[in-house]
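Okay, structure first, notes after.
All chains are identified by letter, namely A, B, C, D and E, in their written order; residue positions are counted from 1 within each chain.
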Amino acid sequence: MTWNRKKAPTSADTPRARVLNRLLGERRLGWIGLAVALLAPFVDASNYSLSVLTSAALFVMLAVGLNIVVGYCGLLDLGYAAFFAIGAYVSGVLATTYGWSLLATVPVVLAAAVLAGVIIGGPTLRLRSDYLAIVTLGFGEIIRITANNLDITGGPSGIYGIPGLELFGLDLSSPVAFYYAVVVIVALAVVGAARLGRSRMGRAWRFIREDEDAAEAMGIHTYKLKLAAYIAGAVWGGLAGILFGAQLSAISPQSFTFLWSALILLAVVLGGMGSTPGVVLGAVFVSVLPELLRDAADYRFFVFGVLLIVVMIFRPQGLWPSQASERTPARRPEVQKEDAWQA
Amino acid sequence: GGGLLSSGEEGGGSDEPIVLGMITPLSGSSAAIGPYMQNGAQLAIDEINADGGIDGRELELVVEDGACDPRTATAAANKLVTDGIDISIGGYCSGATLPTLPIFEKAGVPMIIPAANSTELVEQGLSNVFLINGTGTQQADAAVEYMTGQNATRVALVDDNTSYSTDIAERTAELLEEGSGPEVVLHESVTAGESDYSANVNAVVQSDPDFVYWTGYYQEGGLLVRQLRQAGYTGPIMVADGSVDQQLVEIAGPENAEGVFATMTQTPDTIPGAEDWIADYREKFDAEPGPYSTQSYDAVRVAAEAVREAGSTDTEDVIAALEGIDGLELFSGPLKFTEEHTLSSGGFLILSVQDGKFALEDALD
Amino acid sequence: MAGVADAPGTLSAGPLLDVQDLHLDFGGIKAVDGLSFSAHDGDILSVIGPNGAGKTSAFNCITGFYKPTGGKVLVEGNDITGARPSAIAARGVSRTFQNLRLFGELTVLDNVRAGMHMRMKQNAFDALLHTPRFRRSERQATEEANHWLDFVGLRGDRGGPARNLPYGEQRRVEIARALALGPRLLLLDEPAAGLNHGEKLELLDLLRRISALGTALVLIEHDMGLVMQVSRRIVVLNFGKQIADGTPEEVRRNPAVLEAYLGKDEESHADETEVPHD
Amino acid sequence: MSQLIWNGLFVGSFYALVALGYSMVYGIIKLLNFAHGDIYMLGAFAGFAMLTMAGALATSAGFLALLVVLLIAMLATGTAGLILERVAYRPLRSAPRLSVLITAVGASFALEYGMRLVAGPNPEVYPVRLEGTTVHLLGARVTVQQLALVVIAVLLMLGLQWLIMGTGTGRAMRAIAQDPKASLYMGINVNAVIARTFFIGSALAGAAGVMAGAYYGKIDFLMGFIIGLKAFTAAVIGGIGNIKGAMLGGLVLGMLEAFGTAWLGGEWRDVFAFSFLILFLTLRPTGLLGERVTERV
Amino acid sequence: MTESSTGRALQIDGLDVYYGRVHALRELSIHVDEGEIVALLGNNGAGKTTTLASVSGVVPARSGRIQAFGTDVTTAKPWEIVGAGVVHVPEGRRIFSRLTIHENLQLGGYLVKDEKVVDQRIEEVYERLPRLAERRTQQGGTLSGGEQQMLAVGRALVAGPRLLMLDEPSMGLAPLIVAQIMDLVQRINESGTSVLLVEQNARAALRIAHRAYVVENGEITLEGPAKELAADSRVIDAYLGA
């Protein structure tokens, strides 16, 4: 039994994984993923598979967004569905009640998401992670229940008749067109998140995750950066919400339950926190598996649960863990020696 | 099936079966309902196939889990469309059924919705949507009529925050406000899936009503009735169709449930001569029929009738045929659709629990 | 090198660090009890004292990790008492921790890049769009990080997670990280702890080279050999007060210090680092 | 008013019982045991199975029979907890903390839908009912059974409190919570202690399950989900990992709900409770009784 | 498990330990006779901590044999080893920061059945280390580095060790305290406890040790009576300084 609070050497340290990661650098991997997504409909373009694929893509976007908060910054968020809901409802209401085009709702959604991020993050980000967890959970429930009780949000049956996506005059509401639109948008979202993760801000997030005090000592205003992570997460969630409404044409509070937040978190952790390819994989896994299990009928969720356990036992770090390694140009050792000894 | 490049056309040969699709909860908190509806439909299908199907074409049933969750239901709807169903005869939770409407509409699949009955379902005025369960409005009418008849004066409404439940409660409230009869003294909501409703019960008792109307499902209904009685409320209690199930009596305890009224469409138990139907059902599935077994059974029969009339499964023809139906005998009475594709005669009756069973109290006519 | 460029050289009026009558209580315990001392540009100041004397606590007050219950801390004349650590770091005050606080799961290079956070010129949009500005600042950061790792003489793998380095190496990384901040004032809490003889010699040399950059050093240390060798001045704490303040020679002879800390018999000196005189 | 308070206390004591296990397990291995609520469900069904088998005599013996069933059910769920820990959690000891969250969610699904396979989707009705003779305490309607249940709950909690704070085992638990490796050096059989923790926590949840079944009469395979969340909430309000806190948190949550319903109506109850919780935590970031330490740097 | 009372407190033969692919200990063999203080010297990463950890059963041995007081404990569980009277004061103190000083000490006596014995031993510790006595109700984590080190040693004593293994006890201690800790160790030893002392601080260690080993890259490269090693030029160059 090894008892490392600090993780035991991650499976990503194993030579196999090393090689794998060298072979498929994140970038090339991204292209492969995109190619697969784009080609899928040529294999099966039935409405069903398209809707499953579209949902999966949206789920990827959510997972990548949550990954910013949980994976990069290490803030446990059990209410992520809230931001998703805010996006869906804001755009839904504007589109149905006020007849805006979905595109036009984007800026409003962004504003709302940021606002929500600040409102919930502002007072609570000082809390220790477990307490943050419950606060976010509460926030998620508050949003859902409020949507359920208000009239503009259509109460329990929610909003229906949300128009399909239409960008610059061309109508993307047909399942295939919509799927491709979503894939493109999600791809951008994934790349965006990954790039943030590899930037100055992304590093700061990781520093905070690893050791908040040390981060502060390095001049990192941990509070502001946590808030930034939160807001980024909210933005991703909100945008995904718009697409969600467009896909289902109807949204209702049942779509934003705690279970959803849990499933998104599931995708992130299952894939490998902080690892973009991992999280994408995890999201696809979590969203597609239950559909694949449809024919298991009564056994469906039983099997799903068991599979989750099994997978984690065999990949404790996640399907595709993030590992700290950079290619470093071989350095001339003697230089170090000199540096070390010269006075 | 079939990729973008392959032509995904399924020919409509006249000898191949007519496929009916049903979305019903098999998982999640309403999972209990699924089997009742599935069996009800299966029973009808077997009967029809037994005497030769429809112009030689057999009926076939495909069931998908909707889990009362919009996302799951949407996927299910798409699956059914992909499986090439001709008519949808499912739909239990309004909330989960709503997003499936446009999918079936786009795919040109007529929907005969057996259970789900929130008024929103028809408010969009989609041509392919038909409800054969009385709508919230109709149910509210029945409820108010009866309350007034009982000369209740102070009514407490309790719903469970689901679209179906609030729909009935709100419309009941509207009617009561308009009318000169009883007044609404409280409109309370409970959270489904919990055990302790003492706080809500307390609110009800505080408001000192002489009539309580519960518009949710039987799981919570049973607990609520029991806890109301324990809290010392002795006045009349009425429940909506979602609560009409033997389980309600057992959960509440017979002594508490005795005398509880219900607004309900016709069920085998209330129809003279339906005993043999129940017998068949028992014999076939060796289980008791439950909520919406009959509506699902009828949904199949309505579908069959429409196809027979239309002479094909072509969308337009079937819809036309459905609109044309007049007087087809259903459990809920003779069928004729209104403009909005709802039951012209609401067909709501008042049941009451008599020695531990729901039985006809007042036919309201 | 940016780091060196940013490192201070300009002399400012008054002391670089001025601690005035600092107090810190925890319930009953007076961890720091009226401590005053100051450090000037180019100083190498050692803070010594028995375990529990309040050395680390004083550091924590200066760097904002504890809120002093009394007294003032001035950096170049600006009162920074009770400011948040990051704000104090922004004033060019950098530190290491008594028990290593590296970002264990992150690469050694990233650990050092942390020090450059404040100075890196890029924003979210640069990152999203990978603007030239972004690439430039990333390249610079990497070069600089490597520079500091060379400077502290790190031998181990820089691309791997910091936790995989042996202890001594990790200490070097922590110092490199602190240097990457381009501090005017560097506070080191027991940098020699857990180092062996050879490594201590290297540390001694490293401290001198840091000082040569123009960075003022304040270090807490228990290894008298090292302290006596490297310090220009020594402040001795006991029970949160300073009991002596002077040159190594003065302190070495101060009876109070012998009493409280060094011990009179040469026995306890025996484990100092002795440095070959050349 | 006093009725509200009593209702709150009564519901709260159920939350508290479940919250205890949550808090213990969380305290010791920092695991949000999402399956904990389902253990409660398991307990309810275990009791149900026994009572239906025992049939008539149980019904006649009433409260006593129920106590026996309660104990057996506690054993059963306790064991279930052990197995759960062994199968789903122990293998991930050295994995990142959140990984275990996944297996917990997995276990939750497996338990819920496993039970659905066994017992079917329909709610079951408890054969024994704690119909209560009502007494009036300071203006509140209180049944003897309610009192009895509250007493049992409180006794269980006190016992636990003593175990954690007063015994070596408890000290060991707290030690493991902070530094499992160092605990090994103390000669603590870490796995054994953790297993014990799961057993106790699960047994308590099982007890709550049986009581709920017997009192409310209706049980179903999803009954554990909501109460699981509430237990977590309660545990946090009280200061997670803190036993007294968990009890207090449960009661407070019960009250919040009672008053929330009374003041704002049922549909806003949870909004009320959670908003309160959020505000409260921003003012008191470590819950009611969670200890606050200036971490050393 | 048969008690064959050789006068050996600890006997390690040909011990090999790996961390993944890191070969941390190579064929390492050392022994501690009952009543002895044996010092284990070596640079960072030499394998000192690993040696202790594998004796404690925290890190598994790939091959080789470990005996404590004549009993084979190569595959024994950590708590069995503590039960056998082999107590380990881990590197970096590892005290329980949220527990009080007193509770920390009580945990030291976790396996001791008799509460009275524990209390009495705790009192002895308080006498020897009065700084702890002053703070008995303070949370461990709030102690200063040095105080924590004292607590760690004190905690081990409460277990009533027959063999005490200390991993760099002098780390971070003021000269005076180092001296104190060292005589504490010496006194513990005089009262009959064998000691295996891992140190960077070779001087302090060699002063009190009877024998000493030098580890380099997981192998024993030098061994002998402490006095001789203290005089050995190789040791002086590498670990003491001229």
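Miscellaneous remarks
One rule holds for everything that comes next: contacts are C-beta pairs under 8 Å (C-beta built on N, C-alpha and C of every residue); 3 or more make two chains touch, one makes a residue touch a chain.
Fair warning: this is a prediction, and the values are worked out from it, not measured in the lab.
The fewest steps needed to get from chain B to chain E, moving only between touching chains, is 2. Each chain's centre was taken as the mean of its CA atoms, and the one lying most distant from chain D is C.
Between A-D and C-E, more C-beta contact pairs join the chains of A-D. Ranked by separation of Cα centres from chain A, the top chain is E. Put simply, the C-alpha centre of chain D and that of chain E have 43 angstrom between them. Look at where the CA atoms of chain B average out and do the same for chain C: the two points lie 74 Å apart. Rounded to a whole number, the gap between the C-alpha centres of chain C and chain D is 49 angstrom.
Distance from the chain B centre to the chain D centre is 36 Å, each centre being the mean of its Cα atoms. In chain B, the residues that touch at least two other chains are 26-27, 161. In chain A, the positions touching at least two other chains are 3, 7, 9, 148-149, 213, 298, 300-301.
For chain E, the set of residues that touch two or more other chains comprises 58, 142.
Interface residues of chain E, counted against chain D in their complex, comprise 56, 58, 77-79, 81-83, 87-90, 94-99, 103, 106-108, 110-111, 139, 141-142, 155, 159. Across the complex, chain D is touched by residues 26-29, 31-32, 34-35, 161, 187-191, 193-196, 198-200, 202-203, 206, 219, 222-223, 226, 230-232, 247, 250-251, 253 of chain B.
Of all residues in chain D, only 26, 30, 32, 34, 87-88, 91-96, 98-103, 105-114, 116-117, 179-181, 184, 190-191, 229, 232-233, 236, 240, 267-268, 270-271, 274-275, 277-278, 281-282, 285-287, 295, 297 touch chain A in the complex they form.
Within the complex, the chain A residues that touch chain B are 41-52, 55, 148-149, 155-158, 160-161, 176, 247-252, 254-255, 291, 294, 297-298, 300-301. On the chain C side of its complex with chain A, the touching residues are 63-65, 84-87, 89-90, 94-95, 97, 101-107, 109-110, 113-115, 117-118, 120, 122, 124, 126-128, 130, 134, 137, 141, 146, 150-155, 157-161, 163-164, 177, 181, 202, 205-206, 208-209.
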